[in-house]
Structure formats: C-alpha cells, structure tokens
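Questions regarding the structure given below will be posed in turn.
Chain nomenclature is as follows: A, B and C, assigned in order of appearance, with residue numbering initiated at 1 for each chain independently.
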Amino acid sequence: MGRYLINRLLISIPTLIATSMVIFGLLALAPGDPLGEFALNPSITAEVRENLRISLGLDQPLPIRYVKWFYSFLTGNWGWSFTSLSPVRDLVAQRIGATLAIVGLAYLWGGLAAFPLGVISAIKRYSLTDQAITLFAFLGFSMPTYFTGLLFIIVFSVNLGWFPFVYDSTVQVMDWNTLIQQFKQSIMPITVLGLWEMATLMRFVRSATLDSINQDYVRTARSKGLQEWVVINRHVLRNTLIPVVTLIALRVPTIFAGALITEQVFRVPGIGSLLISAIQQNDTPVVMSITFIYGILVVIFNLVADVLYGFLDPRVSYSK
Amino acid sequence: MNQPPSEELVAIRDTDISDADELAMKPRTYWGDVWRHFRRHRMAVAGGIVLIVIVLATALGPFVYTVSPKKIDFAHSMEQPTATHLFGTNDMGQDMLARALWGGRISMIVAVFAMLVGISLGMAVGAASGFMGGTWVDMILMRITDLFLSMPQLPLLLLIVYLFRASITKLFGAELGVFVMVILVIGILNWMPVARLVRASFLSAREMDYVKAARALGASPWRQVFRHIFPNVMGPVIVAATLSVGTAIITESMLSFLGLGFPPDTPTWGRMLYESQNFLSLAPNMALSPGILIFLTVLSVNALGDGLRDALDPQQRNR
Amino acid sequence: MATLLEVKNLKTVFHTQDGIVHAVNGISYKLDEGETLGIVGESGCGKSVGVMSLMRLIPPPPGKIEADRVLFEGRDLMTLSDKEMRLIRGHKIAMIFQDPMTSLNPVLTIGRQMTEAMELHLGLSPAAARQRAIGLLEMVSIPSARKRIDDYPHQFSGGMRQRVMIAMGLSCNPGILIADEPTTALDVTIQAQIIDLVKKLRDELGMSIIWISHDLGVVAGLADRVIVMYAGFIIEEAPAEELFNNPLHPYTLGLFNSLPRLDDERGRRLSSIKGQPPNLITLPKGCLFYARCKYRLEKCKDERPPETFATPGHRLACWVDVKSTKATQ
C-alpha cells in the first residue's frame, strides 16, 4: 500500500511539470509576445516593470523563462494582471470563494442524489422506475449547462420573477434576510450545475451497481440465505463504492470546468468568469495562471482518486 | 416417471432431424445480430430517426426554406413566430429558422470533422501502441496519452483559442480559419479514449487463440490485423465516434457561446445562444430555438450511441 | 436410510428474447441421509440450473420453476414463502460453487463472510461466530486460522479459497451440501486434496452431498449414486459402480468411450460424440439424443422414451437395449 501511494505520487510530479510545460510552450509558440508586451504597457510603474523583467526573465532564453515562471508560480507569484494592475493571486483569491461555493454545493447535492437513484435504477433494472430514472439522466446530460442555465433564467427570472439572474457579489450573509438573498441568487447556478453532474453520475452508479450485482459473490451471498437488503448493503454497495468514489474524485476538475460556463451564464464572479473576461481583455498573465490552476486541480484530484482507491480496495491496501 | 412433460412447457415440433447440426439455431451473422438488438432499443431507434431528420433538414432545408439568414430587417426585430418567420426573428430582424438551418449545417460539419480528427488520431495511436504492445513505442505512446488525459480540457481549449485565433484567422480567413482551429483543437483533446479502446482491443485480440493460430500458420501480421483484429475493434470505435459527435457539438457551441468561436456573423447554434443572452426578457425565443436544437441533436446522438453500444458489445447486453 | 430429499418432476424454463429456453425438463430423484449423489453431464445440460432451482435461486423473471413436489425434511420447498426458503438456504441446505475467486466477495474478510451466515441462522453473537469460524478453518486445514480469519480472499491461493468456501458451507451444519463443480477450476493435485477433504468431512459429519461435475473420474471416486443428465432430462441413474461397469444409455456409453485410457493401443483415434447438444428452445418430440445417437431407431424420432428400470436401482430412458443391438451409425 505504501509502495502504491509513493508510486502514484511519483507519477503526479512529472505530470504536473509536463502540464506546465505544455501551457508555457503554447504561450511561447503563440505569435507576438503576450508576456513581453507587458513590459511596454505604460501604466506599469518602472519598479513593477523591473520586478517583472527579473522574475519572468523576459530577456532570457526560453528554457530559463520557463523555469522562472514555474518557480514563481510555485512560490506564489502568479504575475500581474494587465487590466486590473493587481497581482493575479489577489484576483484569484477574491473570486475563488464564489466558485468553490457553487462547485461544492452543486457537487454535493448532485452526488448525494445520484447515488441512491443510480442504485435503485440498477436494482430495479428494466422496471418503470429504472426507465424513468434512466430517461431523466439521458435528458440531463444531453442538455448543455449553458442552455439549462438560460432556460432557468427564462422561467424563474423573467417569467416568474423568483430569482435574480445577475449575481450580486457584495451580498454578505449576516442575517436572515441576506441569507435568503444569497440563497435566491445562488440557487439557480447550483441547481443547473448539480443537475448535470447528477445525470452523469447516475448513469455511472447504475452501471457500477449492475456490475457488482451480476458477480458470483452475490450468488453466494444469496445462497447463504441472507436477506436481500443485506446482500445489497453489505456485498453489492461496498464493491460499487470503489469505482464510484474514484470517479467522483476524478470528475472534480471537470465540474470546475463546467462551473466556468455556469458562472458565465449567471454572471457569478468566480475564477471561471475571470478566465473568460481575461481572455476577452487579452489579459495573458491571468489566462495563463488560471489555466495552470485548472491543470493543478486535475493532477491533485487524480492523486486523490488514486489514494481513495488504494484505501477502499483491500486488494490494494493489503497487497503482499 | 412415465408420463411425458406437460404440453404448455414443452413446445413439440415436427422436425425432421436427420442431421445433428440442424438442431442448432438458425445461422446468424454478426451484423445481423447487431441490427436485431439495435432495433429493440426503442430510444436508440428514435434517436437515429430524429438525427436523420435534423441532418436532412439542415442539409436540404435552406433549399426549401429560402429565406436569407443574414438579411437584416430592424423593422421586424424580435418577433414571435409568425407565418413569414416560423421561428421568429432576432434582435436584428434576421429570420431565426433560416439561421438555425444554416447554423445547424456548420455545427454538424464541425462536429463530424472534429470527430474524424479525434478518431483518426486515436486509432493511429491506439493501433501503433497495441500492435507493438510491450515495446518502448507502446510505453511512450501510452505516457503521451496519459499526459493528454491529465490536461484540463476546457481551459486548455480556451487557452489555445485565445492564443492562436488571431493568427489562424489571418492565415486561413475568418470562417475557414476558425473552422480548422476548432476541429483540430476538439480532435486533439479528444483522441485519448479512442486510443485506449483501440489499444485494448488490439492487445486482447492479439492474445486470442485464433490470432495466435494464424500467426503460427505463418499469416503475415497485416493480414492478422485486418482479418481478425479489425472487426473486433470497429464496434467500440463506432460507439466512441457516435458519442464524440455529441461531445463535439456541445464543445463547439460552448466555444461560440463564450464568444470565442466563429466570427459574429456566422449563425452557429452556440453563437445564436450567445447573442440571445442580452434579450432573454424581451425575446426568449432567440434562446429557445438554437438551444432546443442543440439539445435534440445531442440527445439523439447519445441515444443512438447508447443503442449501438448495447447492440455491438455482447457483454453489455446483460444490462 | 431415511429419504432426506425427494424431487419430483422439476421443470425450469427461462423466458428470453429468443424464446422460451427449457433448461430443466421434469427431473425426479431422491437423496437419502448420508448419501453422496453425483450429477454428471456436459455444459448446458441443466445440472447447475437444476440445483439452483431446488434452492430457488433462479430469478423469477426470466426464470420460472415448477415441480410436482420438492420434499425436504417433510416440507415442500416449492410452497414455502421467500422468507421460509431463506431460512433453509445456507442453513439446512448449503451450496459451494465452482470458482472460489469470484464466489467470494473481494472487499470483505473471509471471517466476515463466514460469520454472517452463522449470526443469521444460528443466532450466534459476533464473538461466538468468530470462534466457531476459526474452528471451521482449522477443520479444513487452513494453517494459522486465528490470523487468517481477518485476511481477504485475494490473500489465499485457489485451493485454500475453496477450503474456505467449504468451511463456509458447513458452518451451519447443513443436512445437504450441494457442490457445483467445486474442483473444476483447480489444478489436479489441489483437486485431489479437496476431494479428500470432502470425503473426510462427510465421514465425520455424516452429511448428504450432491456433487455436480462434468468430470467422470471425480464422480467415480466420490459418489454413491450417479445421475446422468442430457438436455435437461435425466437419461440414466444407477449406483456408481453399476453405472461405470454397466452403462446402458448410448450417451453414457459415448461419454465413457471418449475417455482416453492408459491401456489403449497406440494410434487409436480418440472417439467423441458427434454433433452438438440440442437447442433448448424448440425441443423435438422424440428422444433428445436422437440426432447424435449411434443406436437410434425410427421410433426414437417420434416418441420420447419413458423411464424404465433395467435392473433394480438402475433407471434408464432409452428405447434401445445397447447390449443386444449393434450400433447402426
């Protein structure tokens, strides 16, 4: 088990480095000199310009620039935004909260709903319940989140007027009223994102449960006279959990990407919409940094998935 | 026990059984079997039909419905569906149905080409890897596959579009340039699952006894590949290709929706949704028509892919 | 010896997309106390489905079980409620399966998998069940049982896993142990060990065993009586020695002839039974073995042979007397 963990850890490091090289490489390949233009921006003070020149190695050969950039990033210096003239790190810090809240809550309720629905769907395979649930899942992941978002806005904001469709980031939850306000403006993006996650996860949970149910050890358990609910709980689910939990960890980066769209639709000030506006405003340092952040998320959660898998599957945790 | 089994349970048939083999089941071909199973999957068949309708509509529609998608007419802006404008009009008075039909063409061509790029790349890598399974070629290719899989897809997509859009547009012209860029990027970020599938099929087929036997008989490796391994591989690849068309449609429309896709005048479905955002309260039908079309297309592609998967993979039939 | 189990006219069908599959077509047999009954036949002949039907482990759609009666300890198993049947499974009638790797749950310790039946059927506390499980593991010769009880299935070898399954099967003192090809997936040497173990346990505990195999050699060493099945029918039944010395059904004859022998002359071609087992969806009206039979008559095509007793204790379903008839094919 220890060896397994060390193995996975050792693989993630080169992956991280490779991702950073790809991102930096793309930047280097791109025409013009996105980062270099920075130095010409008149609103940057000479002091800042000098700092940047040194920390980014702007007049150095490519490999050195890469190393400097990578090192700066690791030490918390993520560059300076062209448009807002503040450190990228500060910008991200301001906006990460909103993203985390939406992603976290959406994934929480989406996952919590998907698991029992998927299991029930598998147990009652081909029944009406199963067909209804499967149909619902199908509809769910065939509808892109931006369309669902727009639909929600049309129905709930425009027609029913229940929820605002522009997120007000100044709302601080201090009392009951502000709590309600926060709820009203968050409920739609969270629901939209959660629905899509739920639809995708549900199919997978169903499939994983069916895999387990068809195994020989379930036949053995039934032949021992165990009640059906014990068979499901003790034998089937514990096996289903392994691939499901692993998948849930692996999908975290995907749901962050999904949040990108949702933030855009509902104008939530998270890092996703920051990325989009940075792209629209040609703010390269922000674009680079946020892309790399997403890349780091992928590596981290792949590792988390591996670790969880190692703990959950005795064949790994008790390997000779 | 001297009584024969009861009638209801035992179907008694008048068969002349002079040869043992006649008692075996009717001969079934692989593809005949696939079709039979597919036919039973109502949702998949429905999906296939809807998809064909949509494809035909976008391909032939503009010849039938000759209203121009680009003609601006501010006098009739943001109208609800009427007799002259079956899907209503957008903020510039352009006919929504015409735009939807034209946009559909673009969206689908992009999706198909993106799928082709992805599938070809995936098959090439997977075949090379699988054929040379175990050698350093295989190892390197698999490391590369893993690397691509560890990339954050959407952000990377956005990054590439951001960095290269201007120069590609200069090189190829606005529409063609974006077209090339989009299909390449979607394809390059989506070949990995196919590569793995193909490699796995190759590896498992290589170890199949009938392939080993062929090899022992001196059959050339290429012959082995085409006669034995290829048919095995085609099934999962077809499924992956179908489903990736759906993913490509969503990705392309997502790019357009973020304003990063085709130039403003090109009416792809994603672009139409992007344009509708500011007018949700005034003209919701601007969002509804492209959105529903994307939804229907992706839904039917997914249903079709699901049905194909069930029909092509015998083990999956237990689901 | 008292009769422990009496099966009369058991039929099982499966409703599939391709039609109704007649897996078991009216089999009847008895099992006495302390007796070991062997069931042999090729794959698909219904031997596994037959015993699963006895235990009512066939899922109701797509399967359907019918019988005149299945008497066990005076009760008809077919008329019991699901709950009552569950109390019998694992307790009065236990079953062990072919592949011990897939038949044991990989994410639970073997201790847990053993104690759950005992806690349920014998009402033991977890501690008591655990003690008993350790004792059972020692009985099947698992070394260091006290430590091994907390291990997972993948930490055992194939032979040891099967021993664990046997221990699990015996844990609640069943009257009947049903073994569905338990040695097929094992090496020959391990196979011998397992068979010896079962013999030893049978002699010590006095249980009845139904042993299913397609391997005639295994059955020969173990069974008191043997049933031969083909296409869901019982075509021959006799005490083991009688069957091996005096096979009377053309199919059984074919089976024995196909076994290579050490004292065969060199160069003798291996014989086999021509043809394929029949399609179980549309059963022919005559004898099921007609198409492959070397002794067949016109009559065999039209009428299914009833069961008769060639000698006392030796049941047979065939129109032909193979002793006095020459093979016509």
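Convention: a residue touches a chain if its C-beta (ideal position, glycine included) is under 8 Å from a C-beta of that chain, and two chains touch if they have at least 3 such contacts.
Treat the numbers as computed from the prediction; the structure is a model and nothing was measured.
A.B. asks: Per-chain C-alpha centres versus the global one: which chain is nearest?
C.D. replies: B
A.B. asks: From chain C, which chain is the farthest off, judged by mean CA positions?
C.D. replies: So the chain farthest away from chain C turns out to be A.
A.B. asks: Using mean C-alpha positions as chain centres, tell me how far chain A is from chain B in Å, no decimals.
C.D. replies: 24
A.B. asks: Centre to centre, by mean C-alpha position, how many angstrom separate chain B and chain C?
C.D. replies: The computed centroid separation for chain B versus chain C comes out at 49 Å.
A.B. asks: Need the CA-centroid distance for the pair chain A / chain C, whole Å please.
C.D. replies: So the centroids are 53 Å from each other.
A.B. asks: I need the residues of chain C touching at least two other chains; which ones are they?
C.D. replies: Expected reply: no residues.
A.B. asks: In their shared complex, at which residues does chain B touch chain A?
C.D. replies: Touch residues, chain B against chain A: 43, 146-147, 150-156, 158-160, 162-164, 166-167, 246, 250, 253-254, 257-260, 273, 276-277, 280-281, 284, 287-288, 291, 294-295, 298-299, 302-303, 306, 318-319.
A.B. asks: Can you list the chain C residues touching chain A in their complex?
C.D. replies: Where chain C meets chain A, its residues are 55, 57, 86-91, 94-95, 97, 99, 102-108, 116-117, 120-121, 151-152, 154-155, 165, 168.
A.B. asks: Quick check: in the complex, which residue numbers of chain A touch chain B?
C.D. replies: 15, 18-19, 22-23, 26-27, 29-31, 34, 125, 135, 138-139, 141-144, 146-147, 150-151, 153-154, 157-158, 165, 207, 210, 214, 253-254, 257, 260-261, 264-265, 275-276, 279-280, 287-288, 290-291, 294-295, 297-299, 302
A.B. asks: Quick check: in the complex, which residue numbers of chain A touch chain C?
C.D. replies: Touch list, chain A to chain C: 215-217, 219-227, 230, 234-235, 238-239, 242, 312-315, 318, 320.
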